[in-house]
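So, here's a batch of structures to check.
Here come two complexes built around chain A, the first alongside chain B, the second alongside chain C.
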Partner chain A sequence: MNSILLSAIWGIVMMFSGVFTQSKSAIRYTAILGLILLLLVTCMDLGGCRVDINVHKMLYFDTFGMLGNSIAFASTLIYVLLSGRDMEKVGHNLAEYFALVFFILCGLSIVTSFNTLLMLFLGIEIMSIPLYILTGSDKRNLKSNEASLKYFLMGSFSTGLMLLGIALLYGASSTGTFFIDDLWAGKTSSEPLFMAGILLMLVSMGFKVSAAPFHFWTPDAYDGAPTVFTSFMATVVKVSIFVGFVRLFDEGFGASKEKWQLFVALVTAATLFIGNITAVFQQSVKRMLAYSSIAQAGFMLLSLMALNQVSKEGILLYAGAYSLATIGIFAILIRMKDYTFEGFNGLAKQQPVLAATCTIFLLSLAGIPLTGGFFAKYYMLSSVVATGHYLWLVIFAVLCAAVSVYYYFRVIQAMYFKDGDGSTEEQPSAGFKGLLVFVAALILLLGIFPQTLLDLLSKIVYIY
Partner chain B sequence: MIPVLLIVIPLVTGLIGFLIKSDNGARGWALLSSVLTLIVALAGLGLAKDSPLLHADAQWLPELGSRMTVGLDGLGKVLGLLTAVCFPLIFVATWRDSYKKSWNFYALMLLSQAGLMGVFMAYDALLFYFFWELALIPVYFLCSQWGGERRIAATFKFFVYTFTGSLLMLVGIIWLWSRTPDHSFSLQAFYDVHNHMNGGEQGFIFWLLFLAFAIKMPIWPLHTWQPETYEQSPTATTMVLSAVMVKMGVFGVIRWVAPVVPGGFWQWGDLVSFCCMFGMIYASLLAIKQDDLKRLIAYSSIAHIGLMCLALFAIDKTGWQGVMIQMFNHGINILGMWIVVDLIERQFGTRKISELGGIAQKAPGLTILLVIVALANVALPLTNAFVGEFLLFTGVFTSTATQYNVVYTVISGLSIILGAVYTLNMIQRVFYGNTNTLTAQGTDIKLNEKLALAAIVVLILVIGVYPKPMLQLGQDTVDQVLSRINYKL
Partner chain C sequence: MGITQVLFWFLSILAILSAILVVVSKNPVHSVLWLIVVFVAISGHYILLDAQFLAIVNLIVYAGAIMVLFLFVFMLMNLNADTEPQKNRWLKIAGVVTGGALLLVLVAALKKADMKAQLAEMGHGNIGLIHNLGAVLFSDYVVPFELSSALFLSAMVGVVVIGKKD
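Coming up: the complex of A and B.
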């Protein structure tokens, strides 16, 4: 509850900060302060110290959702610290951008703690509308406008599907309810109406997490949006929707698992295949990262195939490892002169720190041991193997992971083994480099002791 | 204690090595570190099997059932010793090679040594997987950075091949883990897990695990990465790859496949044996046609490793003893061959057999040492490889695990003859005959190379005449693993 309230309030604070000050750094520091506070109140929430408002069971706060929130907030904090300055280059309305970011955070806190389908819908909408605006925030750029429109049309279409799904589920439930824990009650067989509802929910959530074949908006929206906001969309937003996704299907329709899992399996396989294969053919690193985010979503979808304790821990770890690495790469990419692979040629000579940290991020995304990405993938795979079903999907997933090495390593090859004058637009500051090293160290830490993150958080819980 | 030291010394010295920004300093530092490792390894050899010094155990990931368990058994000792012996020899032999930013080169070499040591000593499947990948990453950077003209493409092929294999292995490991009653990655738990699985399942897991090792060895038809990678890598790295790293594949089969899924091991033995046999002949024939020295040795290595794998699947005690000793021998011998190639390439700037000739007139010292190494490569009596290959063939011939033992022996025996053809032919064309304009200016071998080659020749002859200590080293593992494979179905 704390985080929903605070992020909404801070969003308004950010909006007004633009009225009271023209100083860009003051606005940025206000936002950073807000994020630190958000992180703090989420930890307090985890410890049981929360504002109690009677929400009539519409929201339900559990550790899973709150851990998801804290990962999202921490990633956003790192994101703002790394790339906050680059937001200034997008346009003049810096305060509004931050306000929108905070509204998105508000929406995602609802998505990770909904207890009725209405709240899920509300949360998704609160998240989506600011995202449409951010995508089109580079107003003079036609590509940005196009991306925004495309994203908006596709997004509202999928929202429509979701509403239809919710309506069908409501009608199919014996008592007429939106509460996810009551939905399955009293069902002895899978009625067509009910299954149709589940299917529509799957499709609309698939849209939001850019699962194939509902992914077509992703590359264009990610490519067209200003790169700073692509970074945010591809990481924090995506993984938080995943937390909601897992929650919905774990608690709402867990009992009918066998029925819908085949569909999810096919979607997962298609996502992995299309994401990885298409990423291979990209010339621009930004577009490659867009497809890589689709491919990574395919791996995260594996958690829906398992729905056990391991997969829940795994999706959180995945959220953390994937967000950190992708935010790091984007932070470097934003500062590059040239977004193509050739633009990275010889970066290791010009900027050894940037190249070394970027290598660690890429290795993590590829899932090489010693990085957080390995354990993220490991948890996903082992959760599915533990169920004993869908082994073909696991093998297919690792083969796709092997393909992903191709495009991630292309960047490493460009940085280290090819000659060129790839460089950043301006000399990165020591603070920026230090933060990158810190993030890289965090990823390595996650790769050696993956439980540290979760343990640390549970210790905070214990203290309260 | 000793296994920990063997991993930590190269790891720490390697990490420090990145900071020594001087060519000579880095070179000396790497040699110092590798000699230190060798001393520790030799100290470990004498200890009894259950000495507490040979084992270490620490908490790592209790939630996943994985511990940091390392230990040295017979198999670990053989390969640990090989790793420890090879690195100082490599550093001495390539002392005069110069690299751009050599401190990075030497640091990465040491890191790959740490990874290799870890692979050979891990008693925990997840830890093993970690080291398996760790050994690969430094090699990837070594080859891509300092290799030949087509290095990026060649190394990339190598990386994708091995990475695909290891991911499949990871799935296999996770599957086995999910079948252990207490969800543990420990070696012991893996050895017991086949009691809970039927034959079909074991066969399936066998392939998941074995593919990774087959790629590493490599077994035909998964060998296509090898000649190119060997050719394009800097010679010091090629030495690591061929002398030590391919043994990871053989090692993996002995430690993680045969005793873990014996059902699958029996089931698919004939198919794999056929691939080995075919690969031996195929690689030997290709070796005859090669003009590039590096490619020739690469193909000859495929043939030799194929024989070891064939003997493994013959499931015979004699053959397995042969594998143990031959792993060491092959490492030493091929290292000797590479040293010579490196010398020739540095002096004359070419590795093409057709462009060389008559080196013996200019470099008699080199020629004598080379001929001994080459004869060992052909497995002539009195050399170490004779002992190994004799045991291997005896094992295959007397095997009761397959009904085709005679076929395997006869056909793979042909590869020995073919081996003599390409090795002797190479010596003749490179070292004897008349000098040409290129080789007329040749000079004899330098002291450091002479030392390295002489050490190898001494090892070749000593093991060739008195192989008993080496055979005893791996004995306990052979007995243990074989008793696990021969379980009652």
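Coming up: the complex of A and C.
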């Protein structure tokens, strides 16, 4: 509850900060202060110290959602520290952009702690509407306008499908309820009405996390949006919706798992296949990252297949590793002169620190051992193996991960083994480089001691 | 067949027929006018379900405000029957197949659905009156009600971001 309240309030604070000051760095520091406060109150929430409001059981705060929140807030903090300056270049409304970011954070705190379908819908909408606007915030750029309109139209359509699904689930529940743990109450076998509701929920949530075959908006929206906001959309927003996705299917539909699992398996396989294969053929690194985010969503969908303790820990680890690495790569990409693969040629000679950290991020996304991405993928796969079913999906996922190595290494190859004058637009500051090294160190730490970190987290939770 | 049932069938047929006409009309302005008929029919359904407040709000917001917006957009973009783009034949076939498949799923789902209890109140009860609605909204549903203000606020900020001259 703390984080929902504070992020909504801080959204308003950011709105007014634009009225009281013209200084861009003052606005940025206000946002950074807000994010630090958000992280603090989330930790307090984890410790059981929360604003006590009677929510009529509509929200339910558990450790899983809280940890998801803290990962999202920490990644947003790193994102603002790394790329906050680049937001100023998008347009003149810096304070409003930050206000929208905080409203998105409010929405994602609802999505990670909903207990009724009503709150899920509200949370998803609070996240989506600011995203449509951020996508189109580069008003002079036609591509940005097009991306925003496309995203808006398809997003509203998928919201409509979600509402239809919610209506069917409401009708199928024996008492007429929106509470996710009562949906299955009084049922012994799944009825067609209930299954149709699940199907529509899966389609609309799949759209929001860009799972194939509902991914068609992703490359255009990610490519057209200003790169700073693409970074935010592809990481923080996506992984938080996954936390809500897992929560919905675990608590709401967990009892009828056998019936819908095959469908989820097919969606997962399609997402992995389409994301990875299409990413191979891209010429622009930004578009490649858009497809890679689809492919990574395929891996995260594996946690939906398993729905056990390992998968819940795994999705959090995945959320952290994926967000950190992607935010890092985007922070470097924003500063490049040329977004194509050729633009990275010979970057290692010009900017050795940037090239080295970028390599670590790419290795993590590819899932190479000693990086956080490896253990994230390992947890996802082992959670499905633990259920004993759908081994073909695990093998398929491993094959797709092997394909992904190709396009991630293309960037590394361009940076180190090709001659060229790939360079950044301006000389990056020492602080920027230092922060990149810090993020890379975090990823390595996640890769070398994942168990220690997970134990530490569970201990913190346990002590409180 | 009582008056309620006669009204129900009349409104249902009216709603479905005009919804089909919304889709098949060549002229966008005609589509919008048929859409108003759909909203009026649905408002009638709300009244049958004793949701009087919802019926009035549906008329004011949808048949009123949103329709006016639609017509404004048509006027600004100068849309008429001639400007309708020619769609690819394969796209049409794909649309029919996917839409038909969804229809099949929904019909199959609804065919086997059974009435568990009388979920809707018809002909009696005052649950939809503004007094009761307000009482529920500010007791049981106060959290979503207050949180939806964040949604509207973000939409307003968005309007400023998109609409303000640089």
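Quick note on the criterion: the second predicted complex is superposed on the first by the 450 of 464 C-alpha atoms of A that agree within 3 Å, B and C clash if a C-alpha of one lies under 4 Å from a C-alpha of the other, contacts with A are read in each partner's own complex, and residues count from 1 in each chain.
One rule holds for everything that comes next: contacts are C-beta pairs under 8 Å (C-beta built on N, C-alpha and C of every residue); 3 or more make two chains touch, one makes a residue touch a chain.
Keep in mind that this is a model prediction, so the values were computed, not measured.
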Answer with first, second, both or neither: which of chain B and chain C does A:Asn93 touch in the superposed model?
second
Figure out whether A:Met195 sits in contact with chain B (first) or chain C (second), or with both, or with neither.
second
Give one of first, second, both or neither to describe whether A:Ile126 is in contact with chain B, with chain C, with both, or with none.
second
Of chain B and chain C, which one touches more residues of chain A?
C
First (chain B), second (chain C), both or neither: which does A:Ser137 touch?
second
Contact-wise, after the overlay, does A:Tyr29 reach chain B, chain C, both or neither (first, second, both, neither)?
neither
For A:Phe281, decide between first (touching chain B), second (touching chain C), both and neither.
neither
Please give the residue numbers of chain B that touch chain A in the complex, ascending.
60-61, 63, 129-130, 133-134, 137, 141, 144-145, 151-152, 156, 159-160, 163-164, 167-168, 170-171, 174-175, 177-178, 208
Write out the stretch or stretches of chain C touching chain A in their complex.
105-106, 108-113, 116-117, 119, 140-144, 147-148, 150-151, 153-155, 157-158, 160-162, 164, 166
Which of the residues in chain A come into contact with chain C in the complex?
4, 8, 11-12, 15, 53, 55-56, 58-59, 91-93, 96-97, 99-100, 103-104, 106-107, 110, 118-119, 122, 125-126, 129-130, 132-133, 136-137, 139-140, 168, 171-172, 174-176, 191-193, 195-196, 199
Which part of chain A faces chain B closely enough to touch in the complex?
363, 368-370, 378, 381-382, 385-386, 388, 391, 394-395, 398-399, 401-402, 405-406, 409, 413, 416-418, 449-451
